[in-house]
Amino acid sequence: MSKTDVSRRGLLKTGALAGSGLALPTIFTAQSAHAYTNEPTGSSVTLGFNVPQTGPYADEGADELRAYQLAIEHLNGGGDGGMLNTFSSKALQGNGILGKEVKYVTGDTQTKSDAARASAKSMIEKDGAVMITGGSSSGVAVAVQALCQEAGVIFMAGLTHSNDTTGKDKRANGFRHFFNSYMSGAALAPVLANAYGKDRKAYHLTADYNWGYTTEEAVRSSTEAMGWETVAAVKTPLTQTDFSSYIAPVLQSGADTLILNHYGGNMVNSLTNAVQFGLRDKQVNGKDFQIVVPLYSRLMAKGAGANVKGIFGSTNWHWSLQDEGSKAFVRSFGTKYGFPPSQAAHTCYVQTLLYADAVQRAGSFAPCAVAEALEGYEFDGLGNGKTLYRAEDHQCFKDVLVVKGKENPTSEFDLLEIVEVTPVEQVTYAPDHPQFSGGALGTCNNGA
Amino acid sequence: MDAIILQILNGLDKGSAYALIALGLTLIFGTLGVVNFAHGALFMIGAFCAVTLSRILTLSHTVIDETKTDFLGNPLKVDVPYVHDIFGIAAGNAIIDWAVPLAILFAIPVMILVGVVMERGLIKHFYKRPHADQILVTFGLAIVLQEVIKYFYGANPIPTPAPAAFKGSFDFGAAIGFDPNLIIYPYWRIIYFLFATLIIGGVFAFLQFTTFGMVVRAGMADRETVGLLGINIDKRFTIMFGIAAAVAGLAGVMYTPINSPNYHMGMDFLVLSFVVVVVGGMGSLPGAVLAGFLLGVLESFASMREVIDIIPGINQIIIYLVAIIILLTRPRGLMGRKGVMED
Amino acid sequence: MGILEVKNVGKRFGGLQALSEVNLSVRENSVHAIIGPNGAGKSTLLNCLVGKLIPDTGSVMFDGKSVLGRAPYEINQMGISRVFQTPEIFGDLTVLENMLIPCFAKRDGAFELNAISSVMDQKEVLEKAEHMLEEMNMADKRHMHAAAMSRGDKRRLEIGMCLSQEPRLLLLDEPTAGMARADTNNTIDLLKQISDERDITIAIIEHDMHVVFSLADRITVLAQGTPLVEDDPQNIKGNPKVREAYLGESA
Amino acid sequence: MKSLTKNDLTLLVAVAFLTLFAPFILNPFPEGSAMAQFNAGYPDLMQRFVIFGIFAIGFNILFGLTGYLSFGHAAFLGVGSYAAVWMFKLLSMNVIPAIILSVIVAGLFSLLIGFVSLRRSGIYFSILTLAFAQMMFALAYSVLTPITGGETGLQLALDDPRILGSSQTPEGNIPVPGLFGMEMRDSFDLELGSWVFTFNIGYYFCALVLIASFYLAIRIFRSPFGMMLRAVKSNQQRMNYTGLNTRPYTLAAFVISGMYAGLAGGLMASMDPLAGAERMQWTASGEVVLMTILGGAGTLIGPVLGAGFIKYFENIFSKINATILHEWFAFLPDGLEDFIVAILYPFIGKGWHLTLGILFMMVVIFLPGGLVEGGQRIRSWLQARKSKNGRPNGTTEPAE
């Protein structure tokens, strides 16, 4: 019994030791000694690339990482400079950022919000990253964005398409270059009305989670505004792999258009299933049955193979664009890696450049200074034409591409063709648009 | 009415896939007494047999087409499959087109080999270990197998279409007097259903009518007695494992046109197939098949929008809900024997 | 009126009538043996007595209270302990722990959430367990894993565990099955000693006539699910019906 | 409160030492050195070590003692997190009420699920727990989005009502979880030469909770209740015929381990106020099974070691990429360097799942007692060597 007393006293003692540590700031430097989180003091600055390296989106993550490495190379003055040469801002000199050499660390999001936050935290706490970027899903983007807000670093979102990222879950330290559900709907609707007529009955299959909800809502309201009718909207589980029981009843409902609000593996499977059912060979209400995929990505198109042929969708960017910026980027990416970049690679590359440029213009890595430099900033030459980083919600406004699956692809990367470049005016919305309501940016956080 | 017929049809089709996977799982459990968490991985490897064969068939050499350019402005490199050179373009394309059915022939020896190696190399040492250990080691194996596949084939799904001849769907409704287009079902899924029934029937016939099958059934009933009779049951069980692996593999091969295969498809099916086996009753072959079809049909009904409108989210949980209800009301599943897996 | 009264018990498994019209009365403080050829229904009867099976018909009264429909642990708490054919002990636990568990069960009942105090602090229970081990001559093995002991020791331990609960009725299911002669004799001596020294009733199911006639005060012969005769050992030995049905076969 | 045995006391002191000095132990390499990437002494990972340690300790009370293999324990961690975040949103940013609520909520859920699932044993029990957890995950991810935040997870917002405390800080930010004015995220750096050691308040809070949880686990292991649980695993038949009702014992173990999971979930939310549905998925439950087995099921220290091992793998090992490998082997001739990197590459960095899978198989095959058994084998091997050198040795210690 005396032994326990020893252990209890021992506990108290060690507890007191820990307590005394807190009370001795002369030995311990509290982090508040820095002006902001992870202020780079040496000759280099570290950026954190948080991309899925394991799990179903690993290939997309790998492409994002390639783009980041290319961007770092260009920022440090290596390679052919890529889009630095076409970027409207000439602040960056090719000598790093503010003269500091750019280094990077990587983390694995596993496409899970918990894991993504863990890897982001590790890059912030252990590796001293001053900015976090990347990701290939909205859940991850929103989670990491909130984390960066708390930690006091800048978050430059990668591939995230949900309205919420710059809508109800927006944060002052987070910025998104990628387009969103609303823009997809707004860009697609006129093209669809043009191609398929204004008298259509649509059947939505929607992934049963946040991104699915916002995409369905956006596409629905835009197409209904064009005169389409929505016959039904059915939610499908994230873990679903065989969509036959959802697709089989579509024809019975009298719908003549199927809209697949799915992404990734869900989209590959639902589209494959729908095409397999021969829906596109059918005639309903005297019209050819059609399928629409609001958000396309190249990896998804690759997974769905020949099934994408002739199917409309939207993307943020495509390598076949012929503006100078896109051409420069495709050239340096293609030369380095042997194949053209995906839209995920593009947005990640651009986000890195935009961040570096903002720091350069602000003259500081302090998140609030960077945020201020990005807010309301207008630029060009990065592949999407004239673009605005809107101050109210930190969303980029730029042209949106409506694409369609190519009938005769010449290679495994040549799967989509651009149908229309929807001008930015058509996809712009008011900051308080109902689809983006709730939530507030808050104030920027420099951290401790 | 038409909607219900359609979902029954659909449920039978889904169920045939579940039944096929659960059948192999039960076969292994029933004969060897091993809970094989790597069974989903066998299904996945089967699917990748189809991918591999189609890759082999499309092995190419590059020809430079000077008239076209690639995305960087260089002359376009065109891949020409060797089968084009050997059989001519038309015949070559036909062979590539039929890669999935051809993969059946390719997969059978591969899967039997995989199964036998797995049994001799690993499972054999776990007959006497607790079920928990078996679950854990095969779970580890499943992780390893899927990571190996991912290393070689990437994380993205790989499209593996059915032959062009099976494109489109059959109009059941029109055949039985409904309006056209009300009850349609894809040809390939009908083929899958028939294929599954064939395999299930084949396995049952094999166990019922061959001497080998009789010994195995006796072994499933009472392993020790058969051992006492001096029959080399272990060797037969190895073969049985190979057969179970082949069944899982073939299920995978034929599944590729339905869903593009990816490295985690085995894990996706794993939980579900265990639910099927447990609902059917551990160790009962007819139970596994029955439960497969039952869950397939119920899942189809639960995904009807009329049902979801009444009970939101039911499509998310139906499988688990059924599993819980059955296990609580029928402790040994639908057709399970007493005393199996209760320690 | 015996301490255990079995009246008209019948049990059917599908097409097999395992027990029918079983009547049995075990007198207090006696040693009562139930014998019979294989398949006579001895084990089924035993399972009906301890709550593992519920008979289709009839009644089983222990000390004037019905045991039917009660769970095994409840029947145990009424004062019936059971020794199995193959010793059922806690193989992963030490011998001392094996003995502690029935002692705790005796003191605390069917369930007690006693998660904070250490086993080693429960002085009176510890003492009782140690005492019982000594009585069983196993004190030197107290830190051994129970599974590592010989079969005879396991049997002793099991009997000791049952006795530590101070049961009024001890049921034994072929306690010497598979034992060497020496172990069998030791077990017989042990049971004799128990029966002599304690205020306890013993019911034993046994195959081995040597054991039966060494121990029993009274014997019931079971054949094809129904009692053939119930009498004193000397009368049983001479009973021609028994010789024919049972002893004749085995001789 | 009576005595712990000498072994248990040593173990407790060792755990206390390891956790309290973790900032030093986990940062053995100087900042900026090539080995610095193997340092694990940053707050987030240290917090994870101890939080998952608590989770695994709790899981072990169920699995290690009773042998009931639950494949749905992550669900309790999940509901614990949700409860804590809701507490932050509605009541106050103090972690104490949040953690208390998460333990209670997890306890209630485990009572309900345990009551139903424990009607069956063996693999049927595993499947029942798996089914419940998957249902909870699926619903939390989709239809329950208003309560759980769905895909993005439940997080704090600038307009949370928060009865005790303010919705926003004066600077217009969301307040952070704290304990009577100490913010969980606050850290102090100690620089000694080129070494930097970080002391984080949140970590020390978790560490104290871990030590308390570990102490409680020792008490449970050594209590009559713990002995009964081991008896359940060993022989349920004998339990029943000894007048013991096994069901309440297993249910109590299930609820206790569920509450441990809830505690871990509450702590996780206190360190990082976001609760995602993925932490309830069956793979997350599988992870805690891996931790417990890898460390050594049924032992006291094993689960803590296993948790640390897997989290280290996930967070440190996974970050080694090809560039770093090339740096390591740069001293070799080019051809050889590429060759070695090519061989190692599939197993490290993003291939860490593969290595973990192989390792896990190895442990199950060769070391069923996990790392603890490995340690014991090494120890007895060393002792055998010692005694060969002339000193006789006593019996080996009973397995811990």
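Per-chain numbering from 1; labels A, B, C and D assigned in written order.
Just so it is clear, a contact is a pair of C-beta atoms (placed from the backbone, for glycine too) under 8 Å apart; a residue touches a chain by one contact, two chains touch by 3 or more.
The model shown is predicted, which means the values in this text are computed figures rather than measured ones.
Asks: For this structure, which two chains have more C-beta pairs in contact than any other pair?
Replies: A-D
Asks: Looking at CA centres, what chain is most distant from chain B?
Replies: C
Asks: Could you name the chain whose Cα mean is nearest to the mean of all protein Cα atoms here?
Replies: Closest to the centre of all protein C-alpha atoms: chain D.
Asks: Using mean CA coordinates as chain centres, what's the gap between chain C and chain D in Å?
Replies: A distance of 46 Å separates the two centres.
Asks: Once you find the CA centre of chain B and the CA centre of chain C, what distance in Å lies between them?
Replies: Centres of chain B and chain C (C-alpha means) sit 52 Å apart.
Asks: Averaged over CA atoms, how far is the centre of chain A from the centre of chain C? Could you give it in whole Å?
Replies: Result: the chain centres lie 72 Å from each other.
Asks: Can you compute the centre-to-centre distance for chain A and chain D, using the mean CA position of each chain? Integer Å is fine.
Replies: 31
Asks: Among all residues of chain D, which ones touch two or more of the remaining chains?
Replies: In chain D, residues 2-4, 138, 142-143, 353 touch at least two other chains, as defined above.
Asks: Residues of chain A touching 2+ other chains?
Replies: 58, 208, 235, 237, 239
Asks: Out of chain B, which residues touch more than one other chain, so two or more?
Replies: 313, 316 - these are the residues of chain B that touch more than one other chain.
Asks: Taking touching chains as linked, do they make an open path (line), a single closed cycle (ring), a hub with spokes (star), an all-linked set (complete), or other?
Replies: Contact map by chain: other.
Asks: If we use the touch criterion from the header, which chain pairs count as touching?
Replies: A-B, A-D, B-D, C-D
Asks: In their shared complex, at which residues does chain D touch chain B?
Replies: Result: residues 67, 69, 116, 119-124, 126-128, 130-132, 134-135, 138-139, 142-144, 282-283, 286, 289, 293, 346, 351, 353-354, 356-358, 360-361, 364-365, 368 of chain D touch chain B.
Asks: What does chain C use to touch chain D in their complex?
Replies: 50, 71-74, 76-77, 81-82, 84, 88-93, 97, 100-102, 104-106, 108-122, 125, 143, 161, 165
Asks: Report the residues of chain B in contact with chain D in the complex, numbered from low to high.
Replies: 35, 122, 125, 129, 131-133, 135-137, 139-144, 147-148, 151, 267, 271, 274-275, 278, 282, 312-313, 316-317, 319-321, 323-324, 327-328, 331, 341-343
Asks: List the residues on chain B that touch chain A in their complex, please.
Replies: 2-3, 6-7, 9-11, 13-14, 17, 68, 70-72, 76, 150, 154-159, 161-162, 167-169, 181-182, 184-186, 188-189, 257-260, 262, 264-265, 268-269, 299-300, 303-305, 308, 313, 315-316
Asks: List the residues on chain D that touch chain C in their complex, please.
Replies: 2-5, 219-220, 222-228, 230-231, 233-235, 237-245, 248-249, 252, 256, 398
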